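Lettered A, B, C, D, E, F, G and H in written order, each chain numbered from 1.
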């Protein structure tokens, strides 16, 4: 649609429907909606393949509600991450078909059930405390139309728990591995299989884990190739990237 | 006035109105007002061109009120930054014409409306969450007599939102660009126009943004020249410096 | 082959060709070759899909030569990264069909030309100084059977250089983006297209780039989704991961 | 020239001299010259007001010579920073009117003497060891048509050396202040005058100066407003920004 | 007293009042009082010249009360730092002549007024927000028998406020200078006079002051000699060290 | 038991009781119990010599209760660390013989008293504020069957307090030394005796102790050999490792 | 011997052979030999169980030779670590039975072969490049009378190389595990066996390994208990501590 | 002399020998000598009590020679620190009575022997490798007229070496304690005596000593009061400050 609009504008010049200056002006007001505090990117789905996702952290409740409302008008699905339960309650008052996941802290608005499940993304977490981040990745990947499987609490302190799931690991198309503290799980899995691994360091830990720096460095330095890294606690980014691969 | 006082003192020596020792003493008690916990710099407007601005963070409510009261006696305008709503309420009880901006956290006392708008400072923010810092810059620049225009939420995740505002960008005299997370907006704008850009990193973000270190480093390392940087969240400093350029 | 060997050993137990203890022993001597200072992983191609790559940095010249010699006996292709010209000269004396790339610092031994080009990996570099790292990624991806295209020196200081290559960017399956200093290129490209982007920070820069920390943080904090990150200067890891996606 | 070319291309569409698709293609090949390892930005002077400056650090001698040669064809002046004496010797063989400054490590090629001196930029250095960085700023500012004055070695260890130059400080339009170690000079000068101050931390120092981190932090935290900061040792950026203000 | 006890024990051996083994045992039980959770060092005044000072931070209210009670039995003065008002109220219930200073957060118990004032310690603070730390230094120095003078809010943003107090500065024996944010005050004062300066960085500031790291580094790198540094916010250490010099 | 199960499975193959594929399946379902959010490692005692210890920090109350309940079915003793009093109260409702230690924040469930005391572990703390961490080490070591002795508050500010306990130090088999702030105690003790010392840095301190980084670095750099280090505040790890030595 | 000397001195007081003051003096000149630049600790073997080890790094060649000469007079074995080949050549000229190990950079002087091998220390290295550090640990442990076995290059990139050595791992009394880059090997081995593991991070790696910080943090945060850590590249400390356990 | 000159200038105004403007001019040209690259502070001895000391690091040989020559004209003693042997050789050619100390890297020019020894400064070093820094402190203190005593290599690895020197420690007026690696020596000595201790961290060490950060932090966090800190390797600053105390 976006490219068509651009071609239409250019064609308008050719057909002398409007001047060059008018065309330049038109180009500037292409579809984003300006709320002052936010510029809503309604045509991101055309440019990137998925609609804009609302990152709620650091935003006021009022801003979140307004942004979600506008997006839900133009899209069959809206996803908001890092949302508090309070934000959800406010959104729910305004919009139907709204669901909240208390682990992943996500709000999802679905106007259609037709999301087709394709590919398979396997999400591993090293510990029980990493589940929130893992769930953010899972919900994002699911909302983007992927089959998602979860295996939680398979850190190397009990290596057999991991090895006992080797078949599932070999069966996946993409792996998302979520780990805090020492962050060694991606390196170990990468030594076992030749699948693309997206490693997500978490801020789970204490002392010299430095709120996720330790697992972040471990993952960046993985001596087994096939591992890439996203920001600390960035389950969203991992789920999103896995979806890009799966497409 | 300050230089005149100094010359007057020196002239006093020449005219033998007082001894050298008395002159030295006079020089020491030039116009700052000593409250014990604070030394109020009433003649800063002479030395720097703008009156002292009260930085409220880390001060007690009582100290803020007293300092603002003294400054408002000798100046037609007083500006206080990083003020809580509670501080404002206390100040309001004591002084007229007091206004509070809940985004910028500023208190302004204006005894005259004669501030002349000159030059044009354009303030861009990468995201909605960066608005508080952007507003601090805007309020400071406005209070110092500049025309200020704001364009918020034009981060590179939707580059067309930025490009759609290119005319306004080319029309400004100075740009203040406020961004957290990856902090790339100043580099990109600097690649488009040859205007002085004051980059303000914000503490907005999570994980490896390290409360503003990530955008701070991005901005310091901008490979496109024409970008200078102020402290994390220092909207005040950016607004102040833009005013110095505009003068 | 590896799984067959394992099944063969297990079958040997069933058929009572050898005892359980003998079987356990056999499993231990499965195909890695022990040189004392190194254990060569001849069957990695079976486990991971690509043969072991020799990382030469921090190894002695003698060790590199011996490892490369052993690998070249069992594989039709051997790749060694971070190799000095001196190492190459020593390897060349011992093995035929050896080639050295002075930008990527790679040694390649190819006994067959049959590598099939599939998929398309586009490698962008922000500056001329980032080429060494970009070439490491390119050589690795090519040696793993991918079509590779390069566009170098398209940093945002001249944004039109990037935009002028937008078609090629949209045509690629995977993007590898190599940047030092402020490291903003991946964020900007990610705002333009919905392709998986592997960002490689480089140690190019000075002062507050801290040998690659600045671009590393920029990339980890990219506010546009679809970006993952590898270690500083890790062209190899980026080329390898891109190949995993392309498979 | 650049905008004219764009308008000409658009006019070409209107006059049906070529199709829209041909126009899009033309736009992509606008004037940057592709050397493979570098894309030379011949029209930066149109976009930013100054021609591209060659940053030689981390480039090979061969690359520097080729880039400088191409730029010198289309510009009446070429500036290259962080150049070694060896690079200069190689450039000199190929191009006339080439000058090298061993303190600032700059190469300048001037085909015309008509640079008009306007405005006044004052450059202060805290110590003798900061002169190289100060000279880089000075040479850049001079080559961009500014009057430049230097006062070196006026650090606060002998405050009277600074105070003795107060008149010159008050007489300048913009101040560039270069300091390593504790980096306090910009704060002190900012307490004295109301001029825009561009602070340049240097890597001069030892121990806990951490190659420039200490003065960088000092300058970012300046409690006297009116100070902005550029990267460690970035004399170029300071001279460039001062020129933008002066314009 | 302590050395006498030791000599007495040794003399006891000589006079065969007890065996060597008994002497060794006696030496082990010299005067510290073991409360299990704390070993109270009653004879520190003999070894170091001042009695043990109770550092209350990180201790429970119960522990503080018990330690203060025991110390107050054997000493004419007890000093406790980093005490909360709640701790003070609990101590007051148990011990007479107890005073609390809400700025310095100190509890003082004085059984005698005979503390002799000698020497002169001048305490400067850069800002109003640094007063708590400055007061901790002041109270400690006073309790150790020094004359103490305070000049607060004389940071370099208004250099004349400092210069106006130059006589007092030259009149002091030791200077304690307390500063947060950029921490430049000690360097500047050190450039003016040849007095020993104890610099105390404070955690006052925001963003890149990193809770006191910025002023700490500034002070460690002071290019004017005569400055030593204590831990961030360590008013106690500065007051104590100044007293050692003054003795 | 675990090895027997494995041998039994392999024997089952030999005796043709089940096929190879069935055997592989059996191996995968060896005793860990999958709760979804956690995989309980019932046979860790067989693999590591001690049962799994529950690390409660970052877990929800509900998760802790469920994990402790399952473990207490299969083990005569269960240990949970970093437990809040609230978690304990919830556990107590469900399980008998449950004890809570408010200093060490540990929950212990003991179904048998037969733990045999052997070896001797001496735990030293530098200050009163380090006791919580020291107690965690003590409780862990005791629960693993060791004799434990504690000497608290023997930091070097009063070196005689340490020297007065030299006999006990020489009498121990392993030393655990817990210290915050400057963390010098392990170095000093290591200069006195030739015992294995496990150093535990604590987050006790302020300013430049950086929540335990200062003592961590001190301990890692101990110039007296015989000192190893665990994570900041990791009393558990120290107690566990000391038990491994003592076994 | 040392304690006897002390008792003898004390007995001398009892028997009035010398006065108390003379005794105090004697105590001060107990056996360390003062070379001015070094105080040689001849009786460390009595206090710590092993003679002083010479740490050559940062010492001049001349100082090393003199210290080694003096130590070799009073000890049947002398060990010097971090010695250059040049230092060795100088030592060899002066002392017999001197041996140099070019991997571990150690000089050993042995006047007797009677060192009894006891216990078993197993040393694992993750990569070939970690061998130098591993050898330092090995040589130190051997010189202190332990049986030492080495398994090198068993990092998790090829997990089967590690698992193939599981028997040897279970057979050892103490494990020393040396790893750079991601440093995950200790965590993985700790998940397999219940042996005390001394983890040694190495400076091997590049980029975000930050010369050993990455593996250091990984090891400190190991989520599997039973791992303690020494300084980066500190093979000596690991070998020494393993010997203390083995005693 | 300086104050006299100022008074003379002011008197000149009173006596109408010159105008106010002429007086202001005179004040600006008070005695510092401007070499362009350096402003020599001839009257620092009047302001600070000691002449300017030349810090040679980061200066060119030519600059050092010129500065030393000018200073030696107006002072009976000149001190230059961080000087290379090459600088010394160049200075020697130009000036008589020049001496070089290869440990402290100092050049001293003495035209008079009349320096009076007063007070007593004791300098302790933890190791042999710390001697260079200790010598810098010693030479500076001696050149400023203090009695200096040295005790080197008394680190806590052999605590008796320190305790054997306790008398000398108690006899000193000020202590300078130089230590690298763990930097614990100042804390330990401070626990023994009540003398002012100036702690100097050195860059001696490896791995996690981070070129002096570890001992710097240890010293800043000393839990025994009476310790202040200077920059890493800053022997000069320590010697200078000790002299200020001794005066």
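Criterion: a residue touches a chain if its C-beta (ideal position, glycine included) is under 8 Å from a C-beta of that chain, and two chains touch if they have at least 3 such contacts.
Because the structure is predicted, anything quoted here is derived from the model rather than measured.
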item: Shortest contact path, chain C to chain E, counted in steps; value: 2
item: Of F-H and A-B, whichever chain pair has more C-beta contact pairs; value: F-H
item: F-H, B-D or E-F - pair sharing over half of the A-F contact pairs; value: E-F
item: Most distant chain from chain C, judged by the mean position of its C-alpha atoms; value: E
item: Intercentroid distance (Cα basis), chain E paired with chain A, Å; value: 53
item: Gap in Å, rounded to a whole number, between the CA centres of chain G and chain E; value: 41
item: Intercentroid distance (Cα basis), chain G paired with chain A, Å; value: 49
item: Interface hub residues of chain A, defined as touching at least two other chains; value: 157-158, 192, 205, 207-209, 213, 216, 220-221, 225, 231-232
item: Residues of chain D touching chain E in the complex; value: 126-127, 155-159, 181-184, 187-188, 190-192, 205, 207-210, 213-215, 217-225
item: Complex interface listing, chain A residues touching chain F; value: 128-129, 131, 152-154, 157-158, 160-161, 163-165, 167, 204-209
item: Sites on chain B touched by chain D in the complex; value: 47-50, 53, 192-196, 198, 216, 220-221, 225-232, 236-237, 240-241, 244-245
item: Chain E-touching residues of chain B, taken from the complex the two chains share; value: 27-30, 32, 36-39, 41, 44, 52, 57-59, 63, 67, 201, 203, 212-213, 216, 231-234
